[in-house]
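The structures considered in this document are given below.
Paired with chain B in one complex and with chain C in the other, chain A is shared by the two complexes that follow.
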Partner chain A sequence: MNKPKRKRKKHAMTRRDRAGYLFTLPFILGLLLIFLPCLVNLFCFSFSEIQVLTGGGGYALNFTGISYYRKALLEDPKFNRMLVELLSSTLVQTPVILIFSLLVASILNQKFRGRTLARMIFFIPVVVSTGVIAYVQNNWVSIMTVSGMGNALTGGEGAGLQELLSQVDVGQGLISVVVTAASGLNKIIRSAGMQIFVLLAALQEIPDSMYEAAKVEGCSAWECFWKITIPSVVPQIIICGVYTLISIFTATDTPIYEYISTQEFVNNQLSFAAAMNVLYLMVVGFCILIGAGVIKLAGRNGRRG
Partner chain B sequence: MKRLNRSKGGTVLLFLFILVMGFFCAFPMILIIGNSLKGVTELWKFPPTVFPKNPTLKNYRDMFQAMAGTLVPFSRYLMNTVVITVVGTLGNVIFGSMAAYALCKLRFPGRNRIFSLIVKALMFNATVTAIPSYIIMSNLGMVDSLWAIILPALGSTLSLYLIKQFMEQSIPDSLLEAARLDGASEWGVFWRIVMPNVKPAWCTAILLSVQALWNSSPNVLIYSEEKKTMSYVMGQISASGLSRAGVSAAVTVLMMSVPILVFIFSQNQVLKTMAASGMKE
Partner chain C sequence: MKERKIAGAAGKRRADWRDPQRLRRVAAAWLIRILRLILIVGLCYVIVKPLIQYFLYACMSQEDFRDYTVSMIPKNWSLFYWKKAAELLELAKGAAARSLLFAFSIALLQMVSSMVIGYGLARFEFRGKKLLTVLLFVVMLVPGTVLQLPEYFLFRYFGLGSLKINLINTLAPYYILSLTGLGLKQALYIFLMRMLFLQMPIDLEHAAYIDGAGVLRTFLSIAVPQCKSLMITVFLFAFCWTWTDSSYATAFYPDISLVSSRLLKLDGMMGSSAGNVTYGGIMLMIAPMLVLVVVCQKHLVKSISMSGMAN
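The block that comes next holds the complex of A and B.
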């Protein structure tokens, strides 16, 4: 059975196949010329000692085996811990972000005055999120309550103005609880903009007639949400889940990234950093695979139920 | 979720929720705009004020003054950033949509493998590949040219991913077959049928790409002063310590105004297209 099939495939380089290759050509070229060599280099670096050649420039690699991996996993005091911390916070953040964005998207999907403005406001964190504004977006809760404006504008950590708190009569504990809660909420909102938008678009694709029919059949709003809304947006929830994971893992302001780039650029431990990068990528890839699988499974169950 | 039977109290609660969340999103921007209009004394007040009591344009004047005194004429930095943003965005969105169309609708052998490779490329961020990419750029002879920033941006896979997912949802195969039967070439199908129908997707891709490229700062790949970007020189203007705090806010406002303008424009487009889309299977 296999043989004739294979034969047919070989002969049938149709016009459409050619178009397919042509259309993807820029990306294939990019992958082959830039992405893959990067990856290969990274792997080579992680398995060898890099020796920068003086004089003519360039570098030489001396094979060292898995010693840098061993260093990252067994000897380094920080890498393991940071990795676990990142993973555990991701485990909490991702579902919270997804639920939050679905909630906001379904409210924004309703008809009310000013909803265009409301939608734009929720997308702002996606549109402007670099430099000083990113710092303010991340830290405005503590800026307003604890540290003052100065640090925000100069982007530095600098002298906190925490002492001022002691002059306020409210209990320290209460303030810090409120600040922590608000900062957490802020973080979630800040990373949910894109997801809200994607889910909103998905919700708008659900025909009204579906809800009307359900209403006639006597479904409550709650039932409609679970039996119509959720199953219709499962594909987009998967996209959003993957997007969320990727944006968490590729953020450059996480402690683990700062640690790796310090090793790479400040301490010049190129091979060590490369090994950590490879390990990190493997963990990230694994997580994204599992994450997508879990969401897909949950979606299938939801559809069945 | 449209107009279902819900109690008044529930409605009020939901909108209160939206109001609070919206406040969280909008507040940092308001704060920065307010700051850019504050004098030095007010800037350092604690607790901070949101709206300036004595608004002044001094920060903006200082900023323009600093812009006039840069090493290379300021227009040069601006031009570099504009070139990077426009070329990078156009290339990224067009190549991305082309590849998305092929991977989504043209069933050629090997496409799954290509797609999985592309998705894997999503996971990388610039730090991971910084050193290898420098070596590759150097091999390609592109160190210290704008292409060192543009070229990787062209291959940014996020837009491809977004557009492909959108195509899968919104373009029925039957529509493409109909167009082919009417004698459209693959390019014609792509450009005249598919692209108009996935406008929301590429509007979003344009927005994300502009946002990233407009703020791109030269890394190790560019060292000539005349090839550096606006975000770099703006960083220099605002990075002169505490006394420049107000100027820094002004710089931020100026830099974020462009992505916001693009957003306001494309947002309108996106909503219009979404409302008008009659493409349902």
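The block that comes next holds the complex of A and C.
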């Protein structure tokens, strides 16, 4: 299989191969005319003042140096904090989401009555809790809690539970931990939907005969899980890990996105927003690369073990 | 599955149920079953509960809204909040039809363009393919929202030289982005399509090619029918994510009334006095997506396992 490929590369492309350009033409055009120029422009914007010219002639850039970066990193009270918060929550969330989705996928992979229904229900958050709905949900719950109307109206995500626990008279610290975990569960389910399905598909590919053989050899279910299930889904765990990171960083219902886009489209602080975007992009890219490396390394060790 | 087998084995030898080891195993199997049931029902409850909640809140009448003894199930059922939500979302004024048409056409466009690009990246050995694949990953990693500002300027002054058109406040920018594979999360669809085509055996296509079918004909009559499930899945995702998108809506076409941007405004407009109107609005938005999920459910798992995410 490999040989002809290598040969073909040395020779000129066949006529058929040239058709590849035709198929990918939209993407090539998009990259050359939209994506790459916009990426370059973003950098230019962040280093300069944007001046919209009168008479519809477009806009001009006046170079200002790194002042907007200085503003974002040193002067702005919120940006730094939000960035750190996002990163620390990502650090906690990613492994939790991965473990949770593996757990749910292996449960959904078992045979039981109502499995189809359960799968469908788990799929609902993937499509439903996105975009404006996720935003409104987040926003709405916080408005309700702030205005103190929480209990009666929303039945609050954590409010009912909090009340219950305080009646049982357990410590305040414990209450906050439990309530955070319970309302966090919602968020985890919401962000784990896609991963559950990728892992579920992977689990279905593992042949039953493997488990039967292991059982004959005297493996317990626990050993089967660690020696068969985990090693065979390592590639999917890597994919899911990267996907989780990407979807956390590209979500539009995070406070940092909201902050930047407010600066951009409401306060008209274009260059400032551009500088923040560049910083955000660099941090995110760095994190995803590191994250992918770590997950890959862990996966390789897991496979060996 | 495992405990079922154990239970089955236990059934066969019912006679020696007093055997403590077997008894322990059967008990363990039942315990696992019960725990699993609790876990599944609990998690499903967490997912479904907000939907039921929103539905019930939206069904309340105004008196129930002020009545603090009503916590979940309305005393007087009414359509008041539904009507109010529909009115504020401007459903009758064309927002519903416009959003549906927009999401539908975008989903179709994204599906087709992702499929074509994915096929091109998977099946042909042209120069620069590796670079293009790497760039696909870069596009996937760069949050689309980061580029919205330069994209805004691109579409505000769209064109060459002195000929500039203002595309802001038209739907054109998002069509252009979707056509070129840069729509919201579209790199993911291209990636999935590419994986699927890489997985498919190429022999059939070679045979068709040798028999004299052109590249396009091979693509249309052999490759496309094989990826039906993934097409449906991509369509579903694209539809739902366009339908609920508000970030592109507020950036590129803020004045066009779409259901998603109306819901965002409704939320800001009403503040904490919005009462149950927002819930009605959310339910109205969710309804078409739920219908789609139920209809397409069969294809979802299948398509993901087919696209080779499983290998």
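One rule holds for everything that comes next: the second predicted complex is superposed on the first by the 226 of 305 C-alpha atoms of A that agree within 3 Å, B and C clash if a C-alpha of one lies under 4 Å from a C-alpha of the other, contacts with A are read in each partner's own complex, and residues count from 1 in each chain.
Following the convention adopted for this analysis, contacts are C-beta pairs under 8 Å (C-beta built on N, C-alpha and C of every residue); 3 or more make two chains touch, one makes a residue touch a chain.
None of the values given here were measured: they were computed from a predicted structure.
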Contacts of A:Thr229 with chain B and chain C, given as first, second, both or neither: first
Touching partner for A:Ala213 - first (chain B), second (chain C), both, neither: neither
Chain B versus chain C as contact partner of A:Ala60, first or second or both or neither: neither
Contacts of A:Ile290 with chain B and chain C, given as first, second, both or neither: neither
Chain B versus chain C as contact partner of A:Ser106, first or second or both or neither: first
Where chain A meets both chain C and chain B, residue numbers: 9, 16-24, 26-28, 30-31, 33-35, 37-39, 41-42, 45, 104, 107, 109-112, 116, 118-125, 127-128, 130-133, 136-137, 140, 143-144, 149, 153-155, 185-186, 189, 197-198, 201-202, 204-205, 211, 221, 224, 235-236, 239, 246, 249-250, 252, 257, 260-261, 264-265, 270, 274, 277, 280-281, 284-285, 288
Residue numbers on chain A that touch chain B, as the complex places them: 9, 15-24, 26-28, 30-31, 33-35, 37-42, 45, 103-104, 106-112, 116, 118-133, 136-137, 140, 143-145, 148-150, 153-155, 161, 164, 185-186, 189-190, 193, 197-198, 201-205, 207-208, 211, 215, 220-221, 224-225, 229, 235-236, 239, 246, 249-252, 257, 260-261, 264-265, 270, 274, 277, 280-281, 284-285, 288
For the chain A and chain C complex, residues of the former touching the latter: 5, 8-9, 13, 16-24, 26-31, 33-35, 37-39, 41-42, 45, 50, 56-59, 104, 107, 109-112, 116, 118-125, 127-128, 130-137, 139-140, 143-144, 146-147, 149, 151-155, 185-186, 189, 197-198, 200-202, 204-205, 211, 221, 224, 235-236, 239, 243, 246, 249-250, 252, 257, 260-261, 264-265, 270, 273-274, 277, 280-281, 284-285, 288
Chain A-facing residues of chain B, complex: 1-6, 14-15, 17-18, 21-22, 24-29, 31-32, 35, 43-48, 95-96, 98-99, 101-103, 106-109, 111, 114, 117-118, 120-133, 135-136, 140, 151-152, 154-155, 157, 160-162, 165-166, 168-170, 186-187, 190, 200, 204, 207-208, 211, 215, 231, 235, 238-239, 241-242, 244-246, 248-249, 251-252, 255-256, 259-260, 262-264, 267, 270-271, 274-275, 277, 280
Chain C to chain A touching residues, read off their complex: 1-2, 4, 33, 36-37, 39-40, 43-44, 46-48, 50-51, 53, 57, 65, 68, 70-72, 113, 116-117, 119-121, 123-127, 129, 132, 135-136, 139-151, 153-154, 157, 162, 164, 166, 176-177, 179-182, 185, 188, 190, 209, 215, 219, 236-237, 240-241, 243-247, 250-251, 254, 260-261, 263-264, 267, 271-272, 275, 278, 281-282, 285-286, 289-290, 292-294, 297, 300-301, 304-305, 309-311
